[in-house]
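Below, chain A partners chain B and then partners chain C, in two separate complexes.
This part shows the complex of A and B:
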């Protein structure tokens, strides 16, 4: 059976498990109809021209993984940022793992969507925010249709959360193939600060398909610092849909580190709904083999006096393929916008491909918008220079690539995350050097 | 230390070195002079192992070992240092961390542990003082935005850090004002010992006032056509290269 048909036919079973007599389910049903109509995206859609999901939609995914599998902390510790204290919301095959998690309800709520959906005290938040910024496109609708579980983070006014929050989704391979659809909601009220680290990690070589949706709301003067670490198994694919709505004077930054996985598609969308907003989008992609990473970013400047800063660096080896599509829309009302976009790519192998497309739609006349896009190769003269000083070719290449990507790393505010990413890069480039540039 | 016999080399099928012989012993300073296009920089690059050049004949021995098949980094590990005529800019890598990596990779190749950070810092301080290099300079990206003089001083600083057996200075005097020239030459002289050797490649006699050579060779059309002592350089300065070309006819 095709995956779409399987999803459609399993909806009845899904409805038997959830409370269908609720506002949430009304949203779900509508989304379900939407997906039924739209189906999975194909290459005929402009936004999916260079990314085909065909190869991964053929698997016979288990949609509601049921068999519980125990995971030992020792086996998965390396996937956590474990050298600092953090809150943790951890899921194993889509189910909450109290054993690996550390949630809280003290002053702030770091807990589960299932709780937020079902408990009366969270109803105002859910009513106000759930599915309010998410686009109603095919895959987001699919996620919404089945939305039951994920991380729920609510930071009330005037709170600086004292430690980062980690959201981790593990897949164990208890099923031959697993499909996950985590749904998260992050609401940061006025003057509050939070840092979040997110990871999807397969512990198996069985195929995994994750279709994640995260909505983030930053109210006035809120600060959100978000890190996505994507270094998954070669049989794990991810469609990551993130929607961010910002109010006046808020700052939201999202760093995406894409080093692994089979097919990774990042849909990162920012909507500016107030003045003096800063939106920061940064990414490092280092891939090889037949890996594919697609970054589709959108910054929608709707209001005046706001800024956006994008910096994406990519390094592609072997037969890997990548896409960068950076769309910036500046509405007529959004005067004095300052939008900056930088996308630099290095093709290490002549078999690797990057499709880079900066896309600026500017309707205001008093704005500063710049974009720079480069595609190049490693400098042979620089390599010879390094070799002449005793640095072997492989290490020299790694050093050049690290230096190339370092502008993105410099803005990482959690030292332990920076250290971890540095190690992952060394690992990815198969060298044992510290890069303490 | 270095023994080159009948070296012939080409790039893109264009013959550049046409049977070059040169022997450099430990403790010696050799100057190689010659007109533009004679093959001076090619010789330097071939000794360092640049891959674009094809060695078609002849041998390059360093301390009795044929190095002509070794990778550039292996030659560096064996003690070959080339001060580049045009040092490459490497954005994002600081001078300090570049030299740290270079030293530790060289130590790794010799089966040694990384140099302790304390020793490294001490050495960096000493050698940067020798070359009159400001500490702030060391945290800048390698060669990026450096003036000509800063680039050359940085080359000699790296040479001081790496303590090579054979140092080849390829037009180290070009782009230097007189003060920088003196600092660089002074650095080279202080690093000279009976155990290492220096080859100075230059157009002009000027640098040789400061780094006094034991031997001067004239390279012309891919061969060494004349050798002599330091006085040969003065003669070249006075008469130019034409008289040598005439002598050859």
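This part shows the complex of A and C:
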């Protein structure tokens, strides 16, 4: 049975099983109808021109993985940022793992969507924010229709969260193929600060398809610092849909590090709803083999005096393919907008492909918008210079790549995350560098 | 003028009417409206075309019938009703002319009002002009000089008669009949156009130019241009157009094919000033053009365009860099005002090794217009050491217009070097202030800035064309240029 049919036929059973209030029920049914109509995206859609999901949709995914498998902390510790104290929201095959998690309800709420859906005290937040900024496109609708679990983070006014929050989704591979649809909601009220680290990790090489949706709301003067670490197994695919709504004077930055996985699609959408907002989108992509990474970013400048900064670096080896589609829309009212977008790519192999589409749509005149996009190689002269001075070619190349990616790396604000990313890059480039970057 | 502000400019732009709005009354014989196989056959017959040409047209027509109008462009318009168009119109009298004296005085007067004096051009500019008056060439000059060099430059309908082997060999090789909706339509019904062949090693001694005009109310014009530059040759081809003021939308779907063989160079310049519609956005020409060039080894094709007219423009002059070391260039200024919409850009397809391409695109939008750049740079797996540089700059005047860029960059070879940059800005208050401080009044300052903004492209125009290009910029953005 095709995955779409399978999803459609299992929806009724699912609907009867979940015990949620009627409002959510309505949102679900609407989203379900939407997906039923639209189906999975195909290459015929402009937004999916360069990414085909066909190869991963043919797996026979188990939509509601049931078999619970115990996971030992020792086995998965390496996937955590473990050298600092953090809150943790951990899911195993889509189910909450109290054993690995560390949630809180003191001053702030770091807990579960399932709790938020069902407990009366969260109802106002769910009513105000759930599914409010998410686009009603095919995959987001699919997620909404089946959304039951995920991280729920609510930071009330004037709180600086003292430690970062980690959201980790493990897949154990207990099923031959697993489909997960985590749904998260992050609401950061006025003047509050929060740092979040997100990771999807498959523990075996059984195929996984994750269709994640995260909604983030940054109220006035809120600071949100979000890190996505994508270093999954080569049989795990991810469609990550992130929607961010910002109010005046808020600053939201999202760093996406894509090193692993089969097909990774990042839909990162920023909507600016107030003045003096800053939106920061940065990413490093280093892939090889037959990996495919697709970054689709949207910054919608709706109001005046806002800024956005995008910086995406990519290094592609072997037969990997990559896509960068950065869209900036500046509305008529959004005067004095400053929007910058930069995308630099290095092709290491003759078989690798990069498709870039940096796109600007501007309706206001008093704006500064620019985008730059390059595709090139590492500097042979620089490499030769290093070789002359006794640095082996491989290490020399790695150094150049680190330098290339450094503008993104240096803006990572959590030292331990930066350290981890540096290690991952070194690992990916198969070198040992004897110093910290 | 005491104080000339940007608001004044905007005001002027808003109220600027099309200056070349007039209509020449030459008795035409026009086909009844509508399109079917019989009409295609009739056009072919009227042209006295050989059998293969009729078949070629019919094949294109059959393909066209199955095609749908493209909707991906960032333009919105009322679709032309293809069955309400008369597909053929020609001035009835087609006298064989040896000198300008024999040309219909009314026609000469038309050109005078356009500011184009054939006489003057002949003497001063050394330009051979193949005037296309409503689909059929009326006068060809300088044929003799060109003939001595072996250069063939004639209406394509004549070329089909006189050089069928050349036309048959090359027609439709760069833009196949099946290429797209409008190219297929054009292939089926094209009435006339120009054919140019430069023999091996010949450097064309003069700029070749054709002036296209839409003249008959309700007649779509379907021009077909084919330029073949044989090995080691060089040609500079100029094309410019103005159309009279009409209220109904007129369709213009031309196809231009360029073939540059080994070591050849083609420079193709366009000044386009079709009627853009009035300031309420009523009327105006739909300009849906397919232009493409093919470069063999060491060949070079350079497109330069100044786009100021048309209500809707849909145009992507492209280069297929098939041969090694071939070069493609695209220089464009697109000005939109009032309700004009332009979706224009280029495609650079790198197939050969060491191929280079340069794209410089300048968009100026004013009024309520929408100006889009849409481009593709494609480096194929075997295109070693391909190089591309793209720059798209937009200038916005007022906050009711829009500027958009849709660049597609596809690289499949690691040795590719691609740079793309785009900026959007307005004429800065500080820039104007700086000029004012130095005694340059605001009007001159705006002119200076717009001129500077478009300089890189204007510089690429041949000398003979520069005057006309400036004239057209003046009309489109009067008060801001010169």
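The rule is simple: the second predicted complex is superposed on the first by the 432 of 437 C-alpha atoms of A that agree within 3 Å, B and C clash if a C-alpha of one lies under 4 Å from a C-alpha of the other, contacts with A are read in each partner's own complex, and residues count from 1 in each chain.
By our rule, a residue touches a chain if its C-beta (ideal position, glycine included) is under 8 Å from a C-beta of that chain, and two chains touch if they have at least 3 such contacts.
Only a predicted model underlies this, so the values are computations on that prediction, with no experimental measurement involved.
Novice: Between chain B (first) and chain C (second), which, if any, makes contact with A:110: first, second, both or neither?
Specialist: After superposition on chain A, A:110 lies in contact with neither partner.
Novice: Looking only at contacts as defined up top, I'd like to know whether chain B or chain C touches more of chain A.
Specialist: Between chain B and chain C, C touches the greater number of residues in chain A.
Novice: Now for A:370: first (chain B), second (chain C), both, or neither, which partner does it touch?
Specialist: A:370 sits against chain C, while chain B stays out of touch.
Novice: Which holds for A:385: it touches chain B only (first), chain C only (second), both, or neither?
Specialist: first
Novice: Should A:406 be classified as contacting the first partner (chain B), the second (chain C), both, or neither?
Specialist: The first partner, chain B, only.
Novice: Please indicate which partner A:393 is in contact with in the superposed arrangement: first for chain B, second for chain C, both, or neither.
Specialist: Only chain B; A:393 stays clear of chain C.
Novice: Report for A:335: first if it touches chain B alone, second if chain C alone, otherwise both or neither.
Specialist: Only chain C is touched by A:335; chain B is not.
Novice: After the superposition on A, what does A:355 contact: first (chain B), second (chain C), both or neither?
Specialist: Touch status of A:355: second partner only.
Novice: With the two structures laid over each other on chain A, which partner does A:188 touch: chain B (first), chain C (second), both, or neither?
Specialist: Touch partners of A:188: none, neither chain B nor chain C.
Novice: Would you tell me which residues of chain B are touching chain A in their complex?
Specialist: 48-51, 71-73, 76-77, 80-82, 84, 87-94, 97-99, 101-103, 105-106, 109, 158, 162
Novice: Within the complex, which stretch of chain A touches chain C?
Specialist: My answer: residues 46, 332, 335, 345, 347-377.
Novice: Mind pulling up the chain C residues that touch chain A in the complex?
Specialist: Chain C residues touching chain A: 72, 379, 381, 394, 396-426.
Novice: Tell me, which parts of chain A touch chain B in their complex?
Specialist: These residues of chain A touch chain B: 379, 381-382, 384-393, 395-396, 399-400, 402-404, 406-407, 433, 436-437.
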